[in-house]
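Two complexes, one shared chain (subunit A), two partners (subunit B, subunit C).
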Partner chain A sequence: MDPITGKIERLKAQISETEVELQQLKAQLARLEALLSLPSPSSEAQANDQPTESSRKWTWPLEEEEYTRYGRQLILPSVGIRGQLRLKSAAILVVGAGGLGCPAAAYLAGAGVGTLGVVDGDTVELSNLHRQIAHNTARVGIKKADSLIQYCRGLNPEVRYVGYGEHLTPQNAQDVVSAYDVVLDCTDHPTSRYLISDICVLLGKPLVSASALRTDGQLIVLNNPPATQGSADGGPCYRCVFPKPPPADSVVSCGEGGILGPVVGVMGVLQALESIKLLAAGTGKENYQGPGEPLTPSLLLFSAYSPTPFRSIKMRGRRSNCFACSASSMLTLKELKTGSLDYVQFCGVTTPINILQPGERVSATDYKSILASGINRGSLLLDVREKEHFDIAKIPGAINIPFSTFQTKSRSTSNGYSAHLEWLPEDVSSDTPIYVVCRVGNDSQLVAKKLKDLGLDRHGERFIGDIKGGMKAWKLEVNQTMPFT
Partner chain B sequence: MGVIPKPPQGQFNVLYFASANSFTSKDYDTLPAPLPIGKLFDELEKKHSGIKDKILSSCLVTVNLNYVDVPNGDSEDASSESSVVIHAGDEVAIIPPVSSG
Partner chain C sequence: MTEVMATTTETTVTDNTSKNDDTPTLSVIVEFTGGLEMLFSDQRRHVLSIPTTDKSGKPVTVAYLIEYLCENTMRDTRKELFILDDHLRPGILVLINDADWELEGEETYEIQNGDNILFVSTLHGG
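Entry: the complex of A and B
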């Protein structure tokens, strides 16, 4: 299917879906209007002992339909009518409409929060759908915030939805966040994690934070109870737990590292649960009494493949020298808004690696001709992607030495000039050229450089270099009929 | 993460989560006890060259599921926690921040 036909199909599906939604809304409106226009009881009816006007009037705190809709949770002691009314009067903000945000928002909408805000500047992609359960194939290409709200509205039209089709920034953070009682961090990068934590400290909002990668997840309720900067009664913020961001080049996204759908789903569902607990207990409301005794904050670790999948770690209160929430903090709303805090700078920037000389790099096209010409017969092609990528698709003849194991597998087994590496085939002569390929052309340079440093290039006698642009370039330039992961 | 066996007599386990697990390609290591908490990072650096800068500098450390501060030479909060000693049979965990979602 070519892209235009695909788009047409998607639009058609989207239109029919929206029409269904429109019909549902009309039906709902008609039901409500019917209720209003009930014939007022005539005198004759009164005489016949029919219900009087006052007995027809619904005088209970929730709407009639809501007792049915929320009935199953209403009868729980931890919610009750009081908790349901608190949920109904609460405004909750979900930042990030991805793998965490989708299930979190769905459960919050289902539970009947009053207002649900959704912040996300991205659009739905096909590779999101295995885990971002509120989006669907027909909505690929539309804003995630809109798609998630569309899903939630279908689930529960009683909630007021507010979409923000942009990312949270230091400039818009105060305006967006101040209208809400509780914030959920469902984002995917350290920069947004620190920004959201800071704005929640400054505005006194509890923050339910979760993250997931590969088969692991983390969950922590931060700034709970919320308290002014310097107050020891407040719960720790993200900076108290992780004062220093991880080095930028070690930050792995779900796109690079992979993620199992239910793993991030579990974490998002737990975020919804923690939020419901907070809201039903009245957190964030003016007359909120607090838990009475200080809470011991805890961090929940989820490791899907561990025999102990859930571990709860006892955390400390606020850090006495915390940059954001301690008494000595210089962080203010004004400072945040004027951009004097550079989150990108703070978390570090990765720049594409460029450590090889042009002569040490061949393009994918050139490597193809080298192979075809047979000049470098028997040359070695080292694929340093992780094994899972290699197993999906590879260039014929490549050997796989995953980058993560390269260090340990490249300790030379003998000293001196004739270093031999354990992965190097025995029958390879010492002047056989070595080409290194990775996913997009960064790791391959590091490995090529390392091999040279180990003396394998015999002072230039042997060619060692990489394929520029990695397997991505190979697919683009040489072989389009190949999956790229 | 597979089954973590009990550490041998006189030793303790260090569990590696998230990026610590990827960096070491291991679920855990076993180290001799007792060890003052302040020396933990140096011991791990000996086993996994580069781990201190890449992973440990930004991670959270727990002993028996309790958060502990790890004093490092240049930090100010090196005071109270520096007395923490890891004992035989303890379970230490290296927990780097996960930021994706």
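Entry: the complex of A and C
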């Protein structure tokens, strides 16, 4: 099927889907309107106005339909009618409508929380859909917060939904978060993780935090119970566990490192579960009795390919000198709002690598001309992306020596150089130019520099350089029909 | 001890770097997760024999183990992804027998025969 036919098919499917949804909404409206015009009302408010109809009066704490909708969880001892009423009176905030936020929000909506807030400033992209299950193909390009709410509303229209189509910032954090009882950190960067933790400490909200990358996930409930700053009764905050942010260049995103859909899904589902446990037990509400046993903070590690995929680790409590939650903390709502905390600076910024001279770099277009002209016949093109990327698409003639290969220690110190050069084809003459290409043009510079440092350029006799902008530039400038990952 | 016994049936990297057979050694299981395994030959679980005492004759600690791992087990040259300013890089948690090392004295914890020491890199994706 060519792309246009495919699109037409999808649009047709979407239209019929929407028509069904419209019909359902109309039916729902008609039902409600019919109820209003009935002489014997079924809602409690109306029944009170007409005491003569008291035999028809619905006197139970949940709506009639809710007993059916939530029946399967209502009969569990851990929920019960009290737990369900607590869920119904709770407001819960999901920050991030991605791989974690989608399943988390879906299960919370299904469970019947009173209010569900969703914060995300991003829009849906095609590359999100393999894991961000509340979005869909037709909604690519719309705000993630709106898309997730649309999905949840279809699942359970009884919940009140509040969308925030912007990222959480030190300036808006207090206004957004204060209206909620529990916060879920479903974001994907240390800057937002520190900010969310700080505002939860300041406003006294328990925080259910999760993260995932490749085939691993982590889950921890923070600031639980949410005692005031300096109180030893409170649970640790994100800063107690991670007082210092990791170096910016060690932070790998799902876009760079990859992510398996069900892995992040598992973590998001677990966030919903932990939130339901907290809310149904009455955390943050008056007369909170706790879950019955002492709270030992724990970190859950999930490794999909490990023989023991789930592992729970006992964690420390509050840090006595914590920047955010200790007695000596200087963190206040005012400090936060006035912007005296720079989260971006705190977590550091990665700067693009620029270690090669302009003469050592060729553009993708120029490299294509070099190939076509045959000037550098027999030149060597090293693709230093990891094997998975190389297997998907490559420039003809390229050989794959993953970047990590160049980071491996030589096995024998007496033979140090040759260990690095095992990959070099034997029939390559010592003046054959070497071009290095990677994904976007950073690693290629590091490798080119390393090859020079190893003396492979024979003091300038042999050209060693890289393709500026990597395979991304190659796709943009030379071959648009190549997949880029 | 049962942990150690169990490892014989699993795929693990066993390393016998202690050069002198007379040196008394401890058996420890070291595990890496959250991406750190990439610095250690893509192997999550390592069974190591390490000396019981350091050069000055003191019992070996986690600080010793971290240095030992860099010198003997790590095959990657990017040491800075594991150690920064002579300490473990921020963003790595150490868990001793499934408990945060901060409950056990951090770097000063003296390693016992059969200990399981897990290094976890924090994840940020979502």
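Brief remarks follow.
FYI, the second predicted complex is superposed on the first by the 420 of 485 C-alpha atoms of A that agree within 3 Å, B and C clash if a C-alpha of one lies under 4 Å from a C-alpha of the other, contacts with A are read in each partner's own complex, and residues count from 1 in each chain.
Quick note on the criterion: contacts are C-beta pairs under 8 Å (C-beta built on N, C-alpha and C of every residue); 3 or more make two chains touch, one makes a residue touch a chain.
Quantities reported herein were computed from a predicted structural model and do not represent experimental measurements.
In the three-chain model built by superposing on subunit A, subunit B clashes with subunit C. Of the two partner chains placed by superposition, only subunit B is touched by A:S320; subunit C is not.
In the overlay built on the shared chain, the residue A:A248 is in contact with neither subunit B nor subunit C.
In the superposition on chain A, no contact is made by A:L333 with either subunit B or subunit C. In the superposition on chain A, A:I353 contacts neither subunit B nor subunit C.
In the superposed pair of complexes, A:L129 makes contact with neither subunit B nor subunit C. Look at A:V264: by the touch rule set out above, it reaches both subunit B and subunit C. Comparing the two interfaces of subunit A, the one with subunit B and the one with subunit C have residues 96, 98-101, 186-190, 193, 210-214, 216-218, 241-242, 244-247, 250-254, 257, 259, 264, 267, 299, 301, 303, 306-307, 311-316, 404, 407-408 in common. Touching subunit A in their complex are the following residues of subunit C: 10, 33-35, 38, 44, 74-78, 80-81, 84, 89-93, 95, 98-100, 102-103, 118, 120-126.
Residues of subunit A that touch subunit C in their complex: 96, 98-101, 185-190, 193, 210-214, 216-218, 241-247, 250-254, 257, 259, 264, 267, 299, 301, 303, 306-307, 311-316, 404, 407-409.
Residues 1-3, 17-19, 21-23, 25, 49, 53-55, 57-60, 62, 65-67, 76-77, 93, 95-101 of subunit B are the ones touching subunit A in the complex. Remark: subunit A residues 96, 98-101, 186-190, 193, 210-214, 216-218, 241-242, 244-247, 250-254, 257, 259, 264, 267-268, 299, 301, 303, 305-307, 311-316, 319-321, 404-405, 407-408 touch subunit B in the complex.
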